[in-house]
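Look at the two complexes coming up: chain A is in both, with chain B in one and chain C in the other.
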Partner chain A sequence: MADSGTLDAKIEALTDDDLARGLDLFRSKLGAAGAVWLQTCVHCGLCAESCHYFLTDHEPQSIPAHKLEQVAAAFRGRYTLAGRLAPALTGARPFDRQLVRAWVDAAFGRCSTCGRCSLNCTTGVNVPAVMRAARATLTEMGLIPADLQQVVTTALETGNNMGITREDWLDTVQWIEEETQGAVGDPAARIPVDRQGAQYLFTVNPREPKFFPLGLQASATVFHAAGADWTVASEGWDLTNYGLFSGNNAEGGAIARNLLGSMERLGCRTLVIGECGHGFAAARWESAEWLRQRPGFRIMSFLELMDDWFRQGRLKADPSRITDRVTLHDPCNTVRQGGISEPQRDILRRCVTDFVEMTPNRAENFCCGGGGGQLAMAQYRDKRLQAGGVKAEQIRATGARIVVAPCHNCIDQLMELNREYKLGVVIKTVAEIVADALVLPTATPPAEGNHDVAS
Partner chain B sequence: MPTIDCGGRQLDVNEEGFLLHPEQWDENLATFLARAEEGLETLTDEHWAVIRFIRSHYEETHGAPMVRAVCKATGLPLKRVYELFPSGPARGACKLAGLPKPDGCV
Partner chain C sequence: MGEAGQRLGVAICAALAAVALLLQLVRARSFGTRPPVAEPQGSALRGILYAFGPGMAPTAKESTRAHPVVYALGVGYHLGIFTAFGVLLWAVRGVAAGAMPTSPLRPAFVALTAIGTIGGLSLLVRRVRTPLLRAISIPDDYAANLLTTAFIALAGLRLLTADVERALLVGAMLLLLYMPLGKIRHCLFFFAARWNLGRHYGRRGTFPLRH
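Then we have the complex of A and B:
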């Protein structure tokens, strides 16, 4: 394996000083709560069957408690008295090359930081937080898989994680604006760029303009139908933030600043995060922490906004247009870790006739297998597709023809699962469903911003 | 390191089947990858138009083109591009054109 070969070489080259420094780094990233979590596991084993990795590979190394133990063993050996005095009795281990390999395997190779194990943990250990601290340590030691770091680096260097130029972005926005106007039959359907003082700044995942712009078109259709005062930004439009996955808070903060910068530059009132799980979690919950700065504006998911508009009667749907059975995937970072669970369901119930839940669902739903940056790390591809087997069977059991996933990252994994497990489903965003079901205003839409009360 | 055997040529690929050395690409390889990776038995003129455009764009810029540019250059509607390559423009078309895997959520 190309990258793990390089990683192996880097691990071999670690000096004793590097290893000592690495463990100190980990301690500095862990925080007080994290240190408690490392001591809290009671080995009850409930986490095993909560994890999509263990459920599909049945390897002990995939049990969340085992992953936690790799990290805890090193910590205990250095920072606890019992661990220093009696390492054998406490399971303390030196932070050596072998243990570093186990950290890489646990934190990058067998964890999508989905948090389902924590929800099912007897003692409430925040496993994703510990895994993220381990990732942060490995990243700072130069032991992050190169392709994952590359996504962060591209975002830092170019302002978006695919290196799309300003010219290409604006060209695609204009194209999609024309497509939207054609589709809704109204030249007033615009995608405003850099509109000063607009109520909503809408942000997207670069995957949309680059390869899958129909999602952008659907979102633009919804904004148009709601008569909203909105804009996209010519710069600082990428909602993704792979600093969440690399664990590097400084880089995560620098990327988050791009969105804050557009909000300040344009003077918009609400930052709307398009359908992307980790992007929402990073912008809404993590960035203030990373930047040590509270944003002076509201940050909301596009799901919440669309739901508000339906409630206010600004959007109307005709569910009889979508009669195929529809099910809904709950992205971990939107739902379990993001707190957005009902808006997407309320929307779907208005837009389709046959909506069925997966089992389990909402906060208990399983990760698609592509979260936590797994899609970016080629070396773990086989494991990722295997771990996605739980999701594939969840989908199959619903008998649905359409899977709705409010996350572009999940969608990419679901597309692969669709082929790998021969599911024969169509995968769509919530906005795509809404756009298909929308009853568009026939008259000229209301003037922009004149009755906007959502925030 | 994973390799593929294309008519006796051993080529290094990453774990997702993208070429590690994009300069090794030729049109025979596109036909081979179409069958092996995309389940496409034959490549039509429409496939070739997309693949050749992506390849020439890559050779010029060392990056993958926007799907906008693909549609503009080939005259194909967007939905047709998705029909032609079941895995989509990135994992499908770009892989067949011998590009390294694009960054981001793909």
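Then we have the complex of A and C:
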């Protein structure tokens, strides 16, 4: 709550000039599409039940239309003639401290920018796009929750969002390489580092080396089994990008440049984004917009790559090894915002015997509550766990013993939900499921180039 | 003002509304357009077609699947609006008095305006009676509904009697003048909003939705 107090103090200290400048900033962040979306909501209220915040707190402030209205009110007051002439009729409001507080609450406190409301909007308003513009404005005004900004700053200063040193990263890679060799029974199994010209550069969420090294081992096992020509980078290996959540495109672009730069440095052909929803959305979709440049190489999700390998017969699984009921969580940034919904399903159908869908699923999935940087903002913890209640009930309804989540932010949230709602489930990445079900080759497979030539 | 003058007034108000709405759209564009750079995964065109086609079906969205009555009221309301504008067009052209009572389409038009009026009033009552809807409503929501519903009702009555001709024309002028000021601007912005949404999700391969 200390951060909340700090934010309040900052809002109280805002001058009239600060507020006027803030709205100018907002104009620069919104863009034409945002300006259209902001003026199209008809307040029908049908979006309410699409939002996991509203479904769990039943507060009008959590209705997406209400959140949008806080932003639209300031927009009308400044940028529409009707808003200036008849503010009472049009709901236009001055961008004052009270409204700034409402923006902070709406954009940071009650929205994970999951986009579910947009799909359910009767007029077609892209709410998260507007919320991100509001976040961007607040961030530039210094009104971003400090812990969220700290994640961005750490990534900018150290090259990864957890401040892991190069030595620690390389030690972890070496340790996991040894573990992988033991697990696959092949001393030739490698996690190559900085291999020039490799086909695939695999990037990682820092949570893996820091807290979930078995996730990295699972990925390494899959690469080994596929006989892939791959590498990790000694620098620029962190796939996360909290610039997506802060709204600061310049900082998001700088973090993206660090990641994309490792591709150029190593001359790899395909950038593979590990299982991380926002990392995928940031690298695959947003980085090109932030940098105004399309990368000269393919960016793909590890989910797509594993699915491709199964289809090509380079990976084989024995589903009888996983007989517990398995369900799949769809990370918003991978599925709704990222467009990747089927590869993970195809993989799971090959690897487990009892796969059940949550209801709803795919692009209609509910956010787990951990997206949008919510996990980083301590002041909203209680709200986040409450909002996650929808996901908890979805999971419970499946009767699944294993929940697969191809996203580390989701996994962190799901682990908390598991405790909070006593779900009694095990949470795994897709790669962990694949590694558990893999039928490993009996000998070291040929390097990828040879494999391609041979085939 | 005579009926001819009122008809001219409606035409002028319609022109003003159209210009004001278009100017607002131009102003929105002045906030900056940047063509997307990222390599598309899906098709923007398919996304747009989905947004304006199957994506508007009542089964396409959970929000409308869960609220079929509200969806139906909304559809009825808008059918009434389109019909009322058809009636207005007739009236402005000055052929209404003679042609409408004998048109074979008249019963259908009367029914559509009745459905539209009921739809509008029902949605207004819903807004007034539902605390959560009241909480997200602004005065414009009520004003826009009242003006529009009254216009539909007057158009329906005009199909039954020429006595309401003047009232219809005055109602139409008020509605047209109000159109760019509040939420009714969605009559134009709706298309731009869905276009942008369809393009966004189409490029990413999310639209068309898989269920």
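Keep this in mind: the second predicted complex is superposed on the first by the 450 of 455 C-alpha atoms of A that agree within 3 Å, B and C clash if a C-alpha of one lies under 4 Å from a C-alpha of the other, contacts with A are read in each partner's own complex, and residues count from 1 in each chain.
Going forward, a contact is a pair of C-beta atoms (placed from the backbone, for glycine too) under 8 Å apart; a residue touches a chain by one contact, two chains touch by 3 or more.
This one's a predicted model, so the numbers in the text were calculated from it and none came from an experiment.
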| item | value |
| --- | --- |
| Chain A as common anchor, with chain B and chain C clashing or fitting | fit |
| Touched partner set for A:50, first chain B, second chain C, both or neither | second |
| Which of chain B and chain C A:375 touches, first, second, both or neither | first |
| When both partners are placed on the shared chain, which of chain B and chain C touches more of chain A | C |
| Which of chain B and chain C A:288 touches, first, second, both or neither | second |
| First (chain B), second (chain C), both or neither touched by A:126 | second |
| Lowest inter-chain C-alpha distance for chain C and chain B in the superposed arrangement, angstrom | 25 |
| Overlap of the chain B and chain C footprints on chain A, listed as residue numbers | none |
| Chain A - residues contacting chain C, complex | 27-28, 30-37, 39-50, 60, 63, 65-66, 69, 79-80, 82, 86, 88-91, 118-126, 129, 284-289, 292-294, 298, 335-342, 360, 362-364 |
| Residue numbers on chain C that touch chain A, as the complex places them | 24-25, 27-34, 36-39, 41-42, 51, 61-64, 66-67, 70, 74, 130-133, 135-141, 143, 180-183, 185-186, 189-190, 192-194, 196-198, 200-201, 204-206, 209-211 |
| Chain B-touching residues of chain A, taken from the complex the two chains share | 1-3, 5, 147, 150-151, 154, 161-164, 168, 171-172, 175, 179, 205-207, 209-214, 240, 276, 375-376, 378-382, 408-409, 412, 415-416, 419 |
| Chain A-touching residues of chain B, taken from the complex the two chains share | 1-2, 12, 14-16, 18, 20, 63-64, 66-69, 78, 86-91, 101-106 |
